[in-house]
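The structures considered in this document are given below.
Across the two complexes that follow, chain A remains constant while its partner is chain B and subsequently chain C.
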Partner chain A sequence: MNASSSRVEAGTGARFAFSLRQKQVVWAWTFLAVPILFYALIRFYPTAEAFYLSVTNWNLLSKPDFIGLSNFERLFADPVFWKVFRNTVLYLAIGTPVSLLLSFTIAYHLDHVRFMHGFIRALYFLPFLTTAAAMAWVWRWFYQPVPIGFFNDVLVGFGLSQQPFLRSTTQALPSVLAPAIWAGLGFQVVIFLAGLRAIPATYYEAARIDGVSDLTILRRITLPLLKPTIIFLVVFSSIGFLRIFDQVYNMTSGDPGGPLNATKPLVLMIYQTAFSSFQMGYAAAQTVVLFIVLLAVSLLQLRLLRDR
Partner chain B sequence: MAAIRITPGRTIVWLLLLLGGIAMLTPLLFMFSTSLKDSADVYDLRLIPAAPTLDNYAKVLSDGRFLRWLANSFGIATLVTISNVFFDSLVGYTLAKYRFRGRYVVFLAILSTLMIPTEMLVIPWYVMARNFGWLDTYWGIMFPGMMTAFGTFLMKQFFETIPDDFLEAARVDGLNEFAIFWRVAMPLVTPALSALAIFTFLGNWTAFIWPLIVTTSKELYTLPVGLSSFAVEQAIQWELIMTGAALATLPTLAVFLVLQRYIVRGVVLAGLKG
Partner chain C sequence: MRVFRCMLVGLLLSFGAMTAARAQTVEIEYWQYVFEARIKAMDELIKRFQAANPTIKVKHTTFPYADYQTKIAAAMPAGQGPDVVQLFYGWLDNFVAAKFIQPLPHDVFPPAMIEKEFYGIVSAMKRNGEYYGLPTAVRSLGLFYNKNLFKEAGLDPANPPKTLDQFLDAAKKTTKRDASGNLLSEGVTLDFPGQDYHWWREVLLRQMGGAPYSADNRKVTYDSEAGVRALNYYADLQRVHKVGQVGFMDEGQAAFRAGRAAMTIDGTFRLGSFGGIKSFEWGVTELPASADGTRSNFASYWVNAITTRPTGAKLDAAKKFLAYLTSPEAMQVWLDTVGELPARKAVAETPQNLSHPIYAPFLKALAYSQATVFVDESAQRQVSLDMINRVLIQNQDAKASLAEAAKNEQAILDRFYKK
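Take a look at the complex of A and B:
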């Protein structure tokens, strides 16, 4: 009798433990229910649909027509696409190195500054909190000819000649890129500062005792230890420059994409194809190209930077 | 902290940094300055307006459009932020603190959505909004951003640092699992929560392409989209455009001046851990 009652106790004990675990599993799936539904409907299904639409011809009115890879053939045969592709790569190829060099230089020197450190950091950081669409108009105003535009007024004031900026096929792209670099700089500075702070001071002290020069310290200690930060910022800002849109849309609203498409990036082309000419299938094919470009660039950068 | 000697080299670097920082503010300073100028003084590039006036603000705000857009942007950014703070935390917590089959699959699936750029989804979202009648509604603007993989990942990392003993103690006290999450775990990750909130709010406050696509009636525009259409309308009345731009910029700058410390820390936290 004793034995049987203790067995019953052990049995309930085990069942209790089991149901507690099970209860937690039930709770976990309950917590995940709405999010799983959200990710399935708002992320995964649309991703699949974008790939599907990219092989169809669809103007929103009739049913999507399966046309194989025709959209991609058409896209790769379009000289405007190659112009746009070149622009998109240029935004990345100029934007990322220029902004990272600037922000690292600023952060590196600011790291040594104690006097008014917070104030100076705030000056660089403030533009990060602005709205790109609003700042695009401020910069557009700056680029106007004399007597309206600030830049040309300054140039003329110094006895130099006026520049066409946004009206020029060669100057328009850097002019559109400038506010994007400007607005992102503060974020990069702050991240670099955090990275520099994380390097233990003992490393520097040891190097200084050994009489190592500042430049060697920078090359042999600071930069290698900063590698995770650098990788993060390179990938993060590259993705941002490849997806540039707000600035271009607002700075060239009279002639979207600038003179002779001089500033048009891929995202603006997608926007126009989808929401001005309603060629949804063709636009979806362009988004697939954007996806592949983003993926390829990120993977390549991770590969190159990690190995070095 | 050792005192740093003041040398000429250091002073020059300091001055250059300060000047560079002031140069960074040039667009903002001229924007505010011009918003306070009469249309006749716009060509006068003096930073301090000769005769400062609030006429432009009165003019821009008079028809109520900007106030509407401000309210829209504020409301939308607030609701989306609340949703992200709640759901991203809930999912991050579940993935960090429960052991169950399928946990890793769910985590990887959510993480994989980070690779998909928003621009790839806007066409399917547009089709979806059109089918469900969400075009040109507030919900239409908000629905794609109600949860993010970035936020989930950020919160998961922070919940992983909470010792399980805390949660076990609460369990022994008889709290149910949701109460443990909400009343025990959440208060322990407030720095992460504020970082997530700051990032989400700022992202939605400045968001442009999706609101531009999904809204057609002016009453539903968010501030960036409204400003963009307003600026096109004004053509060359730069003082009015600058006033609009200033109105779009003032709220975030004001909040920054008050919460500078938290915002910088939050951005760093979100940037490094996310």
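Take a look at the complex of A and C:
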């Protein structure tokens, strides 16, 4: 009926005789045009502006002057930048594998649970809904020394010595990462559950008939079929960990970036350069570096995970 | 129709009257940051000012502290922004360089009058012989102590420590640890990110015979024998005497409020928060003097300045308003509402204030206080925090840590003064 109606319309000799399919495309573009324009204005224009600012010396108080690449030279010569870069990579390198491993384990076992399944899933998802700042402060109190710190109270109760956690240059970064991982678990568990449900039961039935062990089912059937889910979660959580800020800022508010820059991620360095020191040009250069890192990591992950 | 015409005429007449009245009223805008007590005090001052000056209207706008500087920096170049602005004294150089504020006109604010009537720390507002701002109130540091913990330890709560030796002694007596050596209650709080880094820089350092910066504020001079002694004194409180622990109860003021610290060094801005303490009695005394009687203190203040925006009638109105804000009456209102000390010597040093158990120690300190001239307060603060962290966490030698801090801070000063 669609085809005949379009032929009828074409036959009436109207000047702009679009087929119905073409009309649908026109409508689609009309509806999309407004959000695209809006998005271009609030996303692409400021990004282009940031690229421009990164080659100036703007400090909010005077007009920006073009200074070429000297912001980037200063950045790469700054030892704090390299420490911060290393921290950011560590957040990614520790955060993504640990959170994916944990969330997959939870999702895999939760999938087999029938009783209170929905309730348990909701409990895991709750931290994801909680404000990062509120969570960061509660975990900050957990890490305090005796008598108010929960973790140290437990350690001392078992006769072990207290740990400095946030006051140590080696323990601070994992300590800050823990609530970030914990918060993201819920989202990843839910996505993994959806991915697991999407695997047709016939594969499992066939495998069971063949007498294959559970571990082999996991390795040969479940994981390969979960690849799209895994790719999505790897990229998504990588970007999240590379941009970590809320937990760091709130847990180290007296000395932002942790003792001696031990926990400072690139985003916090950008924040301080821009809004504490008002060196906007320098901060813009740092955002350009972060953008390139994020782009590189995402493209690399997509390529590696897809081609296998 | 006639009724309608009458209404129209009436409306036009009243409108004309309103605009005529408004044509004589000058409106100026005042900006400060959000802090409940300060907003309340300023609203009261504006009310009194407008009652005394019916042709001037003052619009009071406030912003959260985190956004405050950014808002000013964004508004002024755009031709918007306030006519009279409140700024932290440490921001003066940036504001002057950016031409946000103008020197105070000599007819209403002669420098000779300022120097005679205001505390000496206001001289930090002078650039090239011109004063750029005047404070309503100033803040200084004091030694808060927990009278109950003092009594428990056998110390006399009416006689708090006066010298550094007595201070250390009191801290040792009031420290409590459990059987495994874990700290339960500390003698003194150790919180460099709080006010302790001011205590080290402007008080301990000077008491040991040193000075933080050269006279023109362009060179770092705390990298000296005195600096090593001062840094070691502070670090030894945790390392050797074990009377305190950085990070205990998360923040120093939290430890004191919870009754788990016998003493803490903090400023007048803490009075509002400590005023709510009900579980124990506390007192304040001047910061301990060194063995040879040297006393020093750190004072800070927010100043009111006239921006480069107002001219003509608005400038006159701004001058009148600023004169009122720094008048004795305004300072008394500010003291009562916000708890900050008057910036004029005569208003501060009344017999009533000098015998007040809480205000007196802070007021007396103003006579020998220093106000550090910062060029980038947050960056310089970070240098100090890193210095103490290297000593306490990485066990670096104090001399080496000082040398590194001096180098970093000198770089900050050089970058600023080179501009």
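Keep this in mind: the second predicted complex is superposed on the first by the 271 of 308 C-alpha atoms of A that agree within 3 Å, B and C clash if a C-alpha of one lies under 4 Å from a C-alpha of the other, contacts with A are read in each partner's own complex, and residues count from 1 in each chain.
Here is the rule we go by: a residue touches a chain if its C-beta (ideal position, glycine included) is under 8 Å from a C-beta of that chain, and two chains touch if they have at least 3 such contacts.
Bear in mind that the values here come from a model prediction, so they are computed numbers and not experimental data.
Q: So, does A:206 touch the first partner chain B, the second partner chain C, both, or neither?
A: After superposing on A, A:206 lies clear of both chain B and chain C.
Q: With both complexes superposed on chain A, which partner does A:141 reach: first (chain B), second (chain C), both or neither?
A: A:141 contacts both chain B and chain C.
Q: See if chain A has more residues touched by chain B or by chain C, and give me that chain.
A: Here the partner covering more residues of chain A is B.
Q: Once the shared chain is lined up, is A:259 touching chain B (first), chain C (second), both, or neither of them?
A: In the superposition, A:259 contacts chain C only.
Q: Could you say whether A:110 touches chain B, chain C, both of them, or neither, answering first, second, both or neither?
A: Only chain B is touched by A:110; chain C is not.
Q: Check whether A:39 is in contact with chain B, with chain C, with both or with neither, and answer first, second, both or neither.
A: First partner only, chain B.
Q: With both complexes overlaid on chain A, does A:275 touch chain B (first), chain C (second), both or neither?
A: It touches chain B and chain C both.
Q: Could you look at A:232 and tell me whether it touches chain B, chain C, both or neither (first, second, both, neither)?
A: First partner only.
Q: Kindly classify A:24 by the partners it touches after superposition: chain B alone (first), chain C alone (second), both, or neither?
A: first
Q: In the superposed arrangement, what residues of chain A touch both chain B and chain C?
A: Residues common to the chain A contacts of chain C and of chain B are 60, 141, 144, 147-148, 275, listed in rising order.
Q: What residues on chain A touch chain C, complex-wise?
A: For chain A paired with chain C, touching residues are 60-62, 140-141, 144-148, 156, 162, 164, 166-169, 254-255, 259-261, 272, 275-278.
Q: Mind pulling up the chain C residues that touch chain A in the complex?
A: 66, 69-70, 73-74, 77, 94, 97-98, 100, 178, 180, 182-184, 191, 193-194, 245-251, 260, 376, 378-379, 382, 385-386, 389-390, 393-394
Q: Contact residues on chain B for chain A in the complex?
A: For chain B paired with chain A, touching residues are 4, 10, 13-14, 16-18, 20-22, 24-28, 30-31, 34, 42-43, 45, 87, 90-91, 93-94, 98-100, 103, 106, 109-110, 113, 115-128, 130, 143-144, 146-147, 149, 152, 177-178, 181, 202, 205-206, 208-209, 212-213, 223-225, 227-228, 231-232, 238, 241-242, 244-245, 248-249, 252-253, 256, 260, 263-264, 267-268, 271-272.
Q: Which stretch or stretches of chain A touch chain B in the complex?
A: Where chain A meets chain B, its residues are 23-25, 27-29, 31-32, 34-36, 38-39, 42-47, 49-50, 53, 60, 106, 109-110, 112-116, 118, 120-135, 137-139, 141-142, 144, 147-148, 150, 153, 179, 182, 185-187, 190-191, 194, 229, 232, 236, 239, 243, 245-246, 249-250, 253, 267, 270-271, 274-275, 280, 283-284, 287-288, 290-291, 294-295.
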